[in-house]
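Report on one structure; see the data block that follows.
Per-chain residue numbering starts at 1, and chain names A, B, C, D and E are given in the order in which the chains are listed.
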Amino acid sequence: MTVDMLIDWFATLGDFPVLAFILAVVISGIPLFLVMALNAMVAVYVERKVSAFMMDRLGPMGQGPGLHAGKWGLLQTVADAIKLLVKEDTVPESSDKILFKMAPFIIFIGAFLGLAAVPFSQTLQVVDFNVGVFYIIAVGSIGVIGIVMAGWASNNKWSLYGAMRSAAQIISYEIPAGLSIIVPVMMAGTLNLQELIHYQSGTVWGILPNWIIFNNPFSFIAFFIFFISAIAETNRTPFDIPEAESELVAGWMTEYSGFRWAIFFLSEYANMLIVSGLAVAGFLGGWRSPIPGLFDSGAWGLFWFMGKIASLIFVMMWVRWTFPRLRVDQLMHVCWKVFIPIAMINIFGVGIWKLIFG
Amino acid sequence: MITGNIITDFSLLILFLPLVAFTVNIFFGKRLPRQGDWVSIGAILITLILSLSMLLNMFMNWDPDFSHEAKFIWMDLGAFKIELGFWVDNITIVMLVVVSLISSMTHIFSLEYMKGDIRYSRYYAYLGLFTFSMNGIVLANNLISLYIFWELVGVSSYLLIAHWFEKPSAAAAGKKAFLTNRVGDIGFFIGIMLMFTAIGSFNIQEVFTGVSQGLIGGSLLTLAGVGLFMGAVGKSSQFPLHIWLPDAMEGPTPVSALMHAATMVAAGVYLTVRLFPLFSPDALLVIAYVGGFTALFAASIAITQNDIKKVLAYSTVSQLGYMILAVGVGNYIAAFFHLLTHAMFKACLFYGSGSVIHAMHHSLHELDDHDTDPQDMRNMGGFKSKMPITYLTMTIATLAISGVPFFSGFLSKDAILAGSLGFAQHYPQHFLLPVFGFGAAAITAFYMFRLIFMTFHGEAKMPKVFKGIHESPRVMTFPLMLLSGLSIFIFYTLPYLNPLSDHGWFTELIRAGDSVVPGNPTAHEIGEGVHHAHYTAMALSLLVAGLGIGLSYLMYLKKKLSAEVWANKMGLLYKLSYNKYYFDENYDRFLYQPLLKLSRAVAYVDWDLYDKYFINGFGRVTKWLSFLTGRIDYDGLDQSIVDGIGRATQGFGKQLKQVQTGRLQNYMLFALVGVIIILVIQTI
Amino acid sequence: MAEFTFWIVVGITLGSAFMVVQSKNLVYSAYALLFSFIGVTGLYVFLWADFIAVVQVVVYVGGILILIIFGIMLTNKITSVNISHASVQKKVGAVAVLGMAFLLGYMVISTPWVTLANVEPAETTAAIGRLLMMDYLLPFEVASLLLLGALIGATTLSRKED
Amino acid sequence: MDSLTNYLFVSVVLFALGLYGVITRRNGVAVLMGVELILNSANINFLAFARFGGMNMAGHVFALFVIVLAAAEAAVALAIIINIFNNFHTINVDDVSELKQ
Amino acid sequence: MAKYFANIYDTVNTLWKGMRITWRHMINIKRDNVTLQYPEERWPRPERNIGFEHADYNVIRSRLHVDIDDCIGCLKCERACPVDCIKIDTIKSPNRGEDIPEIKHTGTTSNDTRKALVVSRFTIDMSECCYCNLCAYPCPEECIFMVGGPNNAKHDIDYEFSEFNRNDLIYQFAKSITKEQKESLQPPKPKVEA
C-alpha cells in the first residue's frame, strides 16, 4: 500500500522511475526495520519483566533513568543491544564460512518480508497483497532454510540437531496453522488481509464485535489451534525443543554471537509479531475496535492493532513461563494427531456453517 | 414454519438415517463399542425427532389439504421415464411418526431384551434396514418405488423373523413369511403393471388423475384394484394368506411388536388407504368381505390359543381385518385411525408379552429348566404382584383394544363399526359386514381379557417359576409406559376432551378424499352414512365389548363357567379353532404336495434326460476336437514358428544387452540424443 | 525500472541454476537452488501470477528444498562440512544439452507466436479456484489422490523395517 | 520484458541447465535438483503462455498441477534415495547399477 | 475415541490451571516478590549471634580498616601485602609530634608515639585484597585491622561493601590534603648550585 502510494506520489514530482522505486522501498523499509528493532527491544524488556514477575522476581531494575534500583531498568535492552553490537564477531574455524555468515540474513529476510504484509492499520501497510494471508505463511518458510543453513554451517552437532528439529517442527506446525487460518479465509472469502478485516465489521449477537473468533464455534477453536501452532512456529517454550538450552546448548544459534546473534533475535521477535499480526487480522478483527463503532477510525486503528498484538505476545510470554518443554514425540503427536484432525473437522464444520447460516 | 424444501430434506434424512445405521452396523458393528447399538439408536432417535418436528409443523399449519411432492427422474429412457420421490401429506406424517416412534421404542426395548445375543449388532442393523424400507413405503410417491420398498420390507422381515436361524422353526417361519408374501406381491405387481399399461405412469397422483379421466375402468379397474389389494392381503396377512403371521412369532418379541403389530403389517392397510380413491365398487366389496371375514375368523382362532404371542398374533390379524373392512366400506379414514391407535396399544401389548416372556425366561434359566415353554399362558398366572408396571400397562392396552371408553381403541373401533353399520344400512344385502365386525369385537374383548386373567390374575400355576419372576428393567418398561400412555383417548381427540367422540385433530386434519372412480359414493355420502349409524354403533359396540369382558371375567377369573366344559360342548368348533382351521395342513395337502410332485417330474426330465444325453454328448464331441487341435498346435506350430521367434529374439537380446550399462544417466543421455535426432530430422 | 528488475531476476535465476549444476559442494547446490527458486518466483510475479508465486514459495522453498536438504543430511556423513560430489560424462552431456538448447532456441525464434493483449487479472486466486472446482475438477481430484499416494508411498519406503 | 520470447528463452536455458544436472551429476539428490529445475522451466512456460498467449487462467491451473506433481515426486524420490542409501550405503547413481546385464 | 477427547479436555483444563497460577503470581508481584534490590535494600543483620561472642570470633576477615590517626606511615603493611593492594604516600612532618590543624593531622598516636610523617595517601583496593590479614600483624600501632570480631570495639563489622563503580572499592583512609598544603609541608628544595 505504502510503496504503491509513494511511487505514485513520486510520479507526480517528476520522471525518475528507478530512483522513485528505490526511494519508495527504502522509505517504507526503514520504518519497518525500526519496527522490528523496537519490537525486539520492547518485547525483550517485557519478556524479562513478565518472566521475573511470574517467578516472583523483579527482573532488570538497574539500567534506566538514574541508573539505580527502583527505576524499573528501562534501558536494559538498550544496554543489551549495545553489548551485542560491539561484541566480537566470531566465526568458528571449521565452519562453512559463507553459509555461516549468510544464514542470519536469510532468516532476517524471511521475517522482514513477512512484516511487509502486516496490516498495521487501514492505510499503514507496506504492501497490500491480494494473497496476503498466504503470502505471510509462505515467506515464513524462508526462515526455515536460514535455520537449517545456520545449523549446518556451524559444523556442530548441537547446531545441526537443533536445526533439523526446528525444520521438522516448523514444517509440521505450518500445516495446522495453515488449515486453521483457512477458517477466516473461508468465512470472509478472501485472502486479502484488509478485506479480511473489513469483513469483520459490525456485531454478532448484537453485543460482541463481529470478529471471526466470535463468529462461530469452529473459528473459536481454530483460533486456539492457530495460536498454539504459531507459538510452535516461533520456536518458543513449550515448543522450544530446537533450541532447548538444557539439551542442545542453544540449538542452531550455539556458535553465533554478537551482531549475527542479534539478528537472529531480532527475527525471532519479528516472527512473533508477524504470527500475532496474522492471528489478529484473521481472528481478532485486525485494527477494529473491540467496541463496534467506537474509536474505530484513523490512528485508533494502529492503536487497536498494536494493542491486540501486544496482548497476544504477552500471552505467548505467559505460556512460555508457565509450561515445561515438550518432548519431540509429544510435539509431533500434538501436531499430527490432535491439531490436524481437529483443524480439518473445523474446515468441514465452517463450510457447513457457512452453507446453513451464511 | 417448515417450508417445502426442508420437508424434502427431512424426508431424505428420515429415509436414509436408518440405512446409514444399517450400513455402519452390518460392516463395522462388531468392532464398535457396545456392538454399535448406539449408532442405530442415535439414528432412530434423530429420525423420531425429525418426524415429531414434522408432526408439530402439521399442527401449527392446521391445513387438512397439505400436500408436498418432491421427485426426481431416476431412469430416463426417452418415452419411458421412472421417477422417484416423496409424497408427504398429513397421512404420511402421522404414519412416519408411528413408524419412527414404534421403531425407536423397539430399539430401546431390545437393548435389554436382546442383551448378550450372538448377533446383537446384526439384529440392530436389520432393524435399521427395516425402518429404512418402511419409511420408504410411507414416503413413496409412486407405485414402483412403493414396490421396491415393499420387497425390502419383505426381505428385512425375513431376516428378522429368522434371526435365531439355529432354531429350525424360526428358519422355517422366516421362509414361510417370505414366500407367502411373495404370493400377494405377484398380485400387487400385476395390479401395478395393469395401472401402468393403462395410464402410463407410476406416480400415484397421476394414476388418480388417469383413473378419474377414465383411462382405465370397468372390470380391468376392478382387476387392478384386487391385484393391488393382493399385496395388502399378503403383507397385512389377510385371509387366506394369514398363515405366516402367527408363525412369524418365532422372531424376537420386539420385532413382533415392531413389524407384526404396528408397522409392517400396517403397510398393507396403509397401501389400501393410500390407493383408496382408485378402487372400484366391486373391488371395495371384495376388500370389505375379505377384511370382515378375516376379523371374525382370526378372532375365533385367538380364543383357543395358549401361547401368549400367538394370541396376540391372531388378535393382530383380526384387527387388521377390521381396518381392511373399514377401507372396504369406504370409511378409510377410520381404518387409518385404527391403524394409528392399534399401533400404539398392540405394540404395548407385544412389549408387555415380551416383558413377561423375558421374566419367565430368566426365571426358567435360573432353574435350569429348558423344557418348559416360557410363552405358554398355562404356565403363568398371578404375575400382577410381581410385575406391576407390565400388568398396569398391559391392562390399559387391553382396555383399549377391547373398545372400552376413555381409551383410544374405543374411538377408532367405534368409527369402523359405525362405517360398516352405515354401509349395511345403505346396502341391506351386505348385512354380514357389521355382523363380522361386532362379532369380532365381542370375541376380541373376550380373548384379550382371557389373556390378562390367565397371565396376571389367579394363583401361580408354577410356584417355583413364579418365585423367580421380577419386573423388567427400566429400558423395557419405559416403552411400555409411553405406549400405554398413548393408548388413552386424549391424544387423539385434542383439542376436544370428549371421551365418547373421535372428534379431534385427527378427524380435522385428515380428511377423506373422494374416490376418483366414477360412480363410487363420495366421501361426504359415506360420512353421512357413518354419522347416521354412529350412536347405534356405539351402543352396540359397548354392549358387545361388555359381553366379551363379562364372559371372560366369569370364565377365567371367577371360574363360574368352566372353560373346559364349554370347549367340550363346542366340540368340533373348538377343535377347529384350536388347530387354526387346519389351514396349514390343507395348504400342504392341496398346494404344496402336488406342486412338489410336478417339480420332481420336471427335474427328472431335466437332469436325467436332457443333461445326460444332450449336454454330455456335446461335451464329448468338443473334447475330441480339442485333442485334435492340441496336437496340431503343440507339435506343429509351437516348435517351428513360436519357438523359432523366441530363439531369434534371444540371439538379438544377447547382442543388445551390451548397451545396458546399468547407469541411469547413460540411458538418459541416449534418450536425449534420440530426441535431438528426431528434432533435427523434424526441422530438416 | 521493471526492465532492469526483470533482467536482475533472470540473472539470479539462471546464475544460481548454473551454480546448482556446477558447484562441487552438494550443500551449495542446494542453497543455490533456493535462490533459483526465488528468482523463478520473481518471474511468476512478472507474469501476473501472484498466487502461483506464493504457492511456489510455500511448496518449493518451504517443502521441497527442505526435503532435499534433509535428504542430503540423512545420506551423507555430515561430520565434514564439504560434501563434494562429482560429475560424470560432463563433455558429452554438455554437448548434448547445448544441442538441445540450440534446437529449442531455434524453435522459439522460428515459431510465429501469437501474442494476445491481455489485461492483468484483478483476482487470480478466485479464478483459479473456480477453474479447479469446475473445469478441472477431475484432474484436481486425481492430483489429490496422487499426493495421498505419494505421502503413503514415501512413508512406506522410508520407514525402517521391523 | 514484455515479450513472450524472453520468457521462453529463460525457460530454455533453465531447462538445459536442469537437463545437464540430471545427466551429469553422480549424486542422486543432485539429480533430483536438476529435475526440479526442469519442472520450474515448464512452469515458466505455462505462465508465459497464460499471460501472452490465450491460455489465461488455465495456465495457472496447470502450473499448480505441476507444483503438486513436483512435491509428490520430491517426496517419493527422496524416500527412494534414502532407501538406496540404506541398502547400498551410497547415493551415487552410477554405483547403483543393479540394472546392468 | 472417548479417551482421545477426554485427553484433550484434560489438557485444556490443566493448561488453564497452570496459566492461572502464573497469572496470580504476576499480578501479585508486590506481595510475592522475593528479590532484594541489594545495594539499596539489605537483609537486616540477625540480632542474635551465632553461638559465641563476636569478640571470641577472631577468625573473622571482613574488611580492612585503618585508624589513620594512629598511623605513623611506617609502610610495614604495604610491604607485607602479598597482592600490593595497599598504597601509602608520606610527607615528612615539619615538626615531629605536633598537630597540623589545617590538615587535621594529629601529632601523636593513641600509644603516645610521636609521628614523624604525615600520611598524605593511604588507599586499600578492596577489590584486590585477599583477606590474608598479613598486614595486620606487623603494624606497630595496631591501627590496620580487619573490622568486626575481636576488633568489634574499634569498628563495627562490615561485610557488605558493594559498589557500582570499581574505583569506589579503593578506600581512602588518609585525610584529604590539597596540593598547596602538600607543597607547603615539603621542605624547600635545596637550590642546586650551578
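Just so it is clear, contacts are C-beta pairs under 8 Å (C-beta built on N, C-alpha and C of every residue); 3 or more make two chains touch, one makes a residue touch a chain.
This one's a predicted model, so the numbers in the text were calculated from it and none came from an experiment.
I need the common contact partners of chain A and chain D, sorted by label.
In this structure, the chains that contact chain D and also chain A are C.
Tell me which chains count as touching both chain B and chain E.
The common neighbours do not exist; no chain touches both.
State the chain with the largest centre-to-centre distance from chain D, centres being mean CA positions.
The chain lying farthest from chain D is E.
Which chain lies at the heart of the structure, taking centres as C-alpha averages?
A
State the chain with the largest centre-to-centre distance from chain C, centres being mean CA positions.
E
What chain pair has the highest count of contacting C-beta pairs?
Top-ranked chain pair by contacting C-beta pairs: C-D.
Using Cα averages as centroids, what's the distance between chain C and chain E in whole Å?
Going by mean C-alpha positions, chain C sits 71 Å from chain E.
If you average the CA atoms of chain B and of chain C, how far apart do the two points sit, in angstrom?
Result: the chain centres lie 65 Å from each other.
Averaging only over C-alpha atoms, locate the centres of chain D and chain E and give their separation in whole Å.
Their C-alpha centroids are separated by 75 Å.
Measuring centre to centre with CA averages, how many angstrom lie between chain A and chain E?
Taking the mean C-alpha position of each chain, the two centres sit 50 Å apart.
Send over the residues of chain A in touch with two or more other chains.
none
Provide the list of chain B residues touching at least two other chains, using ranges where the numbers run on.
Within chain B, residues 663, 665, 669, 672 contact more than one other chain.
Where in chain D do residues touch two or more other chains at once?
Within chain D, the residues that touch at least two other chains are 19, 23-25, 94.
Which pairs of chains touch one another in this structure?
Touching chain pairs, listed by label, are A-C, A-E, B-C, B-D, C-D.
Would you pull the chain C residues touching chain D in the complex into a rising list?
2-3, 6-7, 10, 13-14, 17-18, 20-21, 26, 29-30, 33, 36-37, 40, 43-44, 46-49, 51-52, 55-56, 59-60, 63-64, 67-68, 70-72, 74-75, 85-90, 93-94, 96-98, 100-101, 104-105, 108-109, 113-116, 118, 121, 124, 127-128, 131-132, 135-136, 139, 143, 146-147, 149-151, 153-155, 157-158
Would you mind writing out the residues of chain C in touch with chain B in their complex?
Contact set of chain C toward chain B: 88-89, 92-93, 96-97, 99-100, 103, 106.
Would you mind writing out the residues of chain A in touch with chain E in their complex?
Going through chain A, the ones touching chain E are 50, 52-58, 61, 67-70, 318-319, 321-323, 338.
Taking the touch rule as given, give the residues of chain A at its contact with chain C in the complex, in rising order.
Its residues touching chain C are 17-18, 20-21, 94-96, 99, 129-131, 134-135, 137-142, 144-145, 148-149, 152-153, 155, 160, 164, 167, 171, 174, 191.
If you look only at chain C, which of its residues touch chain A in the complex?
1, 4, 27-28, 31, 34, 50-51, 54-55, 57-58, 61-63, 65-66, 69-70, 73, 78, 81-82, 123-125
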